[in-house]
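Just passing along the structure, written as C-alpha cells.
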Amino acid sequence: MSAITNENKKTDKVEFPLNVWYVAALAKEITDKPLARILLNNPIVLYRTKDGKVNALEDRCCHRHLPLSMGMVEDKGLRCGYHGLLFDEDGKVIEVPGQDQIPPKACVKKYHLKQQDAIVWIWFGTKDNETPTEEPPKYNFHTDPNYVFDGDVYKYQAPYQLIHDNLLDLSHLGYVHVHTIGGDAHTHMNAKLVSETRGESVFIKRYLPNSTPPPTYTAAYPFKGKVDRWQELEFYPSHIRIWTGAVDVNTDSLDDPNRKGFHMRGLHGLTPETSETAHYFWTIATNPENNVEEIKKKVVEQTRFTFDEDKVVVEEQFKNMKKFGEQPTFDIHVDVGPNRARRLVKKLVRASNK
Amino acid sequence: MSAITNENKKTDKVEFPLNVWYVAALAKEITDKPLARILLNNPIVLYRTKDGKVNALEDRCCHRHLPLSMGMVEDKGLRCGYHGLLFDEDGKVIEVPGQDQIPPKACVKKYHLKQQDAIVWIWFGTKDNETPTEEPPKYNFHTDPNYVFDGDVYKYQAPYQLIHDNLLDLSHLGYVHVHTIGGDAHTHMNAKLVSETRGESVFIKRYLPNSTPPPTYTAAYPFKGKVDRWQELEFYPSHIRIWTGAVDVNTDSLDDPNRKGFHMRGLHGLTPETSETAHYFWTIATNPENNVEEIKKKVVEQTRFTFDEDKVVVEEQFKNMKKFGEQPTFDIHVDVGPNRARRLVKKLVRASNK
Amino acid sequence: MSAITNENKKTDKVEFPLNVWYVAALAKEITDKPLARILLNNPIVLYRTKDGKVNALEDRCCHRHLPLSMGMVEDKGLRCGYHGLLFDEDGKVIEVPGQDQIPPKACVKKYHLKQQDAIVWIWFGTKDNETPTEEPPKYNFHTDPNYVFDGDVYKYQAPYQLIHDNLLDLSHLGYVHVHTIGGDAHTHMNAKLVSETRGESVFIKRYLPNSTPPPTYTAAYPFKGKVDRWQELEFYPSHIRIWTGAVDVNTDSLDDPNRKGFHMRGLHGLTPETSETAHYFWTIATNPENNVEEIKKKVVEQTRFTFDEDKVVVEEQFKNMKKFGEQPTFDIHVDVGPNRARRLVKKLVRASNK
C-alpha cells in the first residue's frame, strides 16, 4: 500500500491520518522539470506532463534506483537519466533502450495527484481506501476575481503538529510578531476565544474589539484610529484556513461576514515530510480596492516576514524538546484550540491504523 | 538534583566532579540579552537582571519548551518569547498573560551562579551538597592594578580532560608553538619538572634556565639575550592557573616569586559541555611598565594564536581517538603532570557518585 | 593483521578482496608533506622520505593518538607534531625527546607501499599473505613516450562497486554524457557487447560502427564525418583500464589493435575508503600527433567534466538506495559486464575470508 512509510513498514503502524488530501505542491511549482519531494515519508517525483497534467510517481527507477527526479519529461512519459528507461503516467516502464522485451515487473508506484485552485493535492489513503472517494478541497480565494494572492513553500525542521499549535493559537502574535501583525500583547492575551470541533475540523474565533491596528494593517489600509479586529480559523487535518482582518471601530459588526475593512485570507497547507520535518505551503490573499499590486506585494512581504519569525520559534522549540527529552508540561487558556486539533489528529491516526 | 545530566539520568552515574565551582562565563558575556549555554550536559540560560545580578535558569519554558534564552529580561524577571510567561529569579512563573491562575507546578530549575573577579562561576553539587558551602575561587590578577588582561571563550570539539593534558604538559610548546611561545624544542623536552599533588590541586613547576626567549617574549619585553624562564602551573578540577615568564639570564633568581622581567598569568577555565565537548574560558594578564595597551594587545593576540594552534591539535587528537577506537598506549616523562590531574579528577568523580 | 578493518574486527569478516594491490595515491600526490588517507577502513599516513621513497604508516602516534599526518618528515623519519616522537620507515619509535629510554612497544603499523609507473599501490593481504608475492601492476601508458596523460583523485560518497557498475556499462554515455563523450543514445544502447571473465579479470568490448563522433572526439581529432568507434574495458578488482577511440568510418578495422585515429586510455583506480565511500584515482592518456599539449589539456578537461557528471549520478543513486532501503530490482542487457565484475569481487571476498 502506497502510504505505508518506510518507518511504518517496520512497525506496521501509521503515524499520520491517511484518508485526507494533503498539499503536495503549489501549482506554480510543478513544471516539466521534475521535482523531488518526500511526503509522509514517501520519496516522490512530481512533474507536469507535456499535455499539462500533474503527475506523481515513486522517485526511484526500478532498474538501478536513480531518483526519477533526475530524469526528463518527454512526450510519452518520464525518462530515467541513467539508462534511459521510459515511464508512463501510471509508473509502467514502456521502453528499455536497446532491448525489445520489457520485464513484467518493471514499474514504480503511482500516487493520486490532483490540481485544484492553484494547489496540487495528494491522496495516500488506507488499504481499504487507496482510491480517493472525494475531490480535493476547493479554495475560492485563489479564483475569486476580487482577491489577489501569492505564496511560498517552507521546509520546517519540526513536526507538522507543532506548526498546527503555532497557527491555532494566535495569542503568540503579541510576543512573536510585535513588528508586523502583532500589536498589543495584552489585548491578544485577553481576547475572548470560541472554539468548536465539527466532524473532522475545528473552528476557532477571536475578536479583538477596539484595539490598535498592527503595523501590517496600517501599511495596507487607511484605518482612522482604533479598529475592531477578527481572527477566524478553520482547522482541517491537512490545512488551516485563517481569515483575519479589521474594520474601523464601531462601524461594521464583527459578526457580519460581509464586513468591509482590511482582509487577509491565509491558506496553510501542512504536510509531514517525516515524523520530525514538515512542508509548509502558504498563500495569502487580500482584496484591496486600489493600488492592488502594491498592497498585495506589501501584504505578502509582511506575511513572509511573520512566517519567518514563526519558523525560528517552532524550530527552536523542537530542538529544545529533543535536547530535554520527555518533560512534564501543563496547559494554559490559549491551548484550547491546539488541543482540539491534536485530539482530532489522534482520532484520525487511530482510524488509519484500523 | 540539578547536576544529574540527561545521560546520567539513564545510568544514574555522574561523569564529572560535582562539588566544584565551574566557570560558566566571563563576566563581560552576561548582559540583559539572555545567553544559552550547555554546562555539564545541562542546557542553561544565563542573564543579568535589570539590577545587575547574574542569574541562571533551566533553558526551557515549562509551558511549551521554547528556550528561555529566546526571551527578554524585564524588571520583574525573564519573559518567554512565545506566550509571554514571566519567570522570577528563582525560576517560578509569576505571570501567565491573559490568565489569573498560575499553575502550581509552573517553574523551572534555578542554578547557583556567582560573579567573582570578572568570572561567573556555577555550582552543581551532589545531592547532599546542592547549596555551595564555599565561595567561588578568587583571582587577583583580574583586580590587581598592576595587571591588564583580556580573554575569550572557545568551544572545543573534544573532552575537557584532553585540554587538561595539553595545558599541563608544556613540553609540547617546542613542537606545536614554534612561532610564538615555543622556542627551542630540545630545551623544553629536557627541562626539569617538579610536580606534586596537594589535596584537590596539582602543582607543576618547570625552569628553563639560559634559554632563547621565544618570539612572543621578545615582542613584549626588551630582553638582552638569553633568559631564565619559568612555568608554574596550578591545576584545579575546574581551572588551571599558569604563570609563565622570563628574566634576563643570571639576574633575578627563578625561585624568587618577586623576580622581575616579563610575566604572563593565564586563567584557563575548563568546563565540560558534554562528555565529548568542552568550553574553554581563558584570560591572559600581564604587567608591562610602559606601552601598557600596546603590549597587552600584543600578548592577547599571540596568546589567541597559540590557543588556536592547541585547539587544532587537541580536536584532531580526539577525532583520531574516535576513528581508531580503544588502542594501547604508554606514558613518557612529560605525562607526569597530566596523570596526576587525571587521578585527581577520577577520585572526585568517584566521590560525586557516592 | 593490517588489513582487518575496524568494522571487520568486530565481525571477523573481511568485506573487500585483500590479496590485491590497490591504488593508494597518484605518485604526484606523495611529497614530504604527509598525507592522511583512509584505505579499506585503515587510517593511513602516506609520505615521501627525504631520499624519495614512498612510505605508509598507521596514522596515529602510539603515545597520545595525534594523527602522524600532522607531523613532519625529517631525515631519519616522520616526527609527531605533538611531543616530537620520531618514527622510522618501519613505524618504530627511534627517539622520544627528553628521554633516553624508548618503550619497547613504541611502534605503529607499517603498510606495504610501492610506486610503479606514476601510481602508488598498497597491499593489505590476508593473514597468510601479509607480504605481497607479486609486483604491483604495470601501466605502460604512463611511460610510453607516444602518450601524454594527467589525472586527479575524487572522493565518492558511494561504495566503490557502484562506480564499477557505472564504468563497466558505457551504455549510460548516451543519457549521462550527451555533451562530451556521449553521442547518439540509440547507437549506444544498440551496440553489440562481448564480455568474458578470464581468471581474476573481466573483458568487455563494444563496437559502435558508423556512428556520429561525440563532441570530445571532434574537438580533439579532425574526423571527416562518421566514425567507427570502439570501447574496450579490462576490469581488475582494484582498477579498470578503458581504451576508447574512433577511426574514420571504413578505414582501419576495429579488430586491428594497431588502428589509427583518436585514442583515449583511461586508468581508473577504485579503492574503498569505507563500505560506503570510495577513492577514485583516474588518469587519461592520449597520443596526439600535433598540438600535443593543447589536445592533452582538452582531453583531460572533457574527461574531468564527464567524471563529474558520473559522480553526481552515482552519489544520487546511492543516496536513493539508502532512502528506499532494500528494494526488488531486475537486470537489463547492459548489466552483463557489471554483473560479471560483481561475481568476481564476491568470489575474492569469500577467498579473503577463508
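Should a chain be cited, it is by its letter among A, B and C, assigned in written order, with residues numbered from 1 in that chain.
We take it that a residue touches a chain if its C-beta (ideal position, glycine included) is under 8 Å from a C-beta of that chain, and two chains touch if they have at least 3 such contacts.
Fair warning: this is a prediction, and the values are worked out from it, not measured in the lab.
**Student:** Cα superposition of chain B onto chain C: how big is the rotation, rounded to the nearest 5°?
**Tutor:** 120
**Student:** Over half shared numbers or under half: where do the identical copies chain A and chain C land at their interface, same or different?
**Tutor:** different
**Student:** Using mean C-alpha positions as chain centres, tell me how far chain A is from chain C in Å, no decimals.
**Tutor:** Chain A and chain C have C-alpha centres separated by 48 Å.
**Student:** At least two partner chains per residue is the criterion; list those residues in chain A.
**Tutor:** Answer for chain A, listing residues that touch two or more other chains: there are none.
**Student:** Name, in rising order, each residue of chain B that touches chain C in their complex.
**Tutor:** 165, 169, 171-172, 174-176, 185-186, 188-191, 313, 316-317, 320-321, 323-325, 327-330, 332-334
**Student:** What does chain A use to touch chain C in their complex?
**Tutor:** 6, 43, 59-60, 62-67, 70, 79-85, 96-99, 103, 105-106
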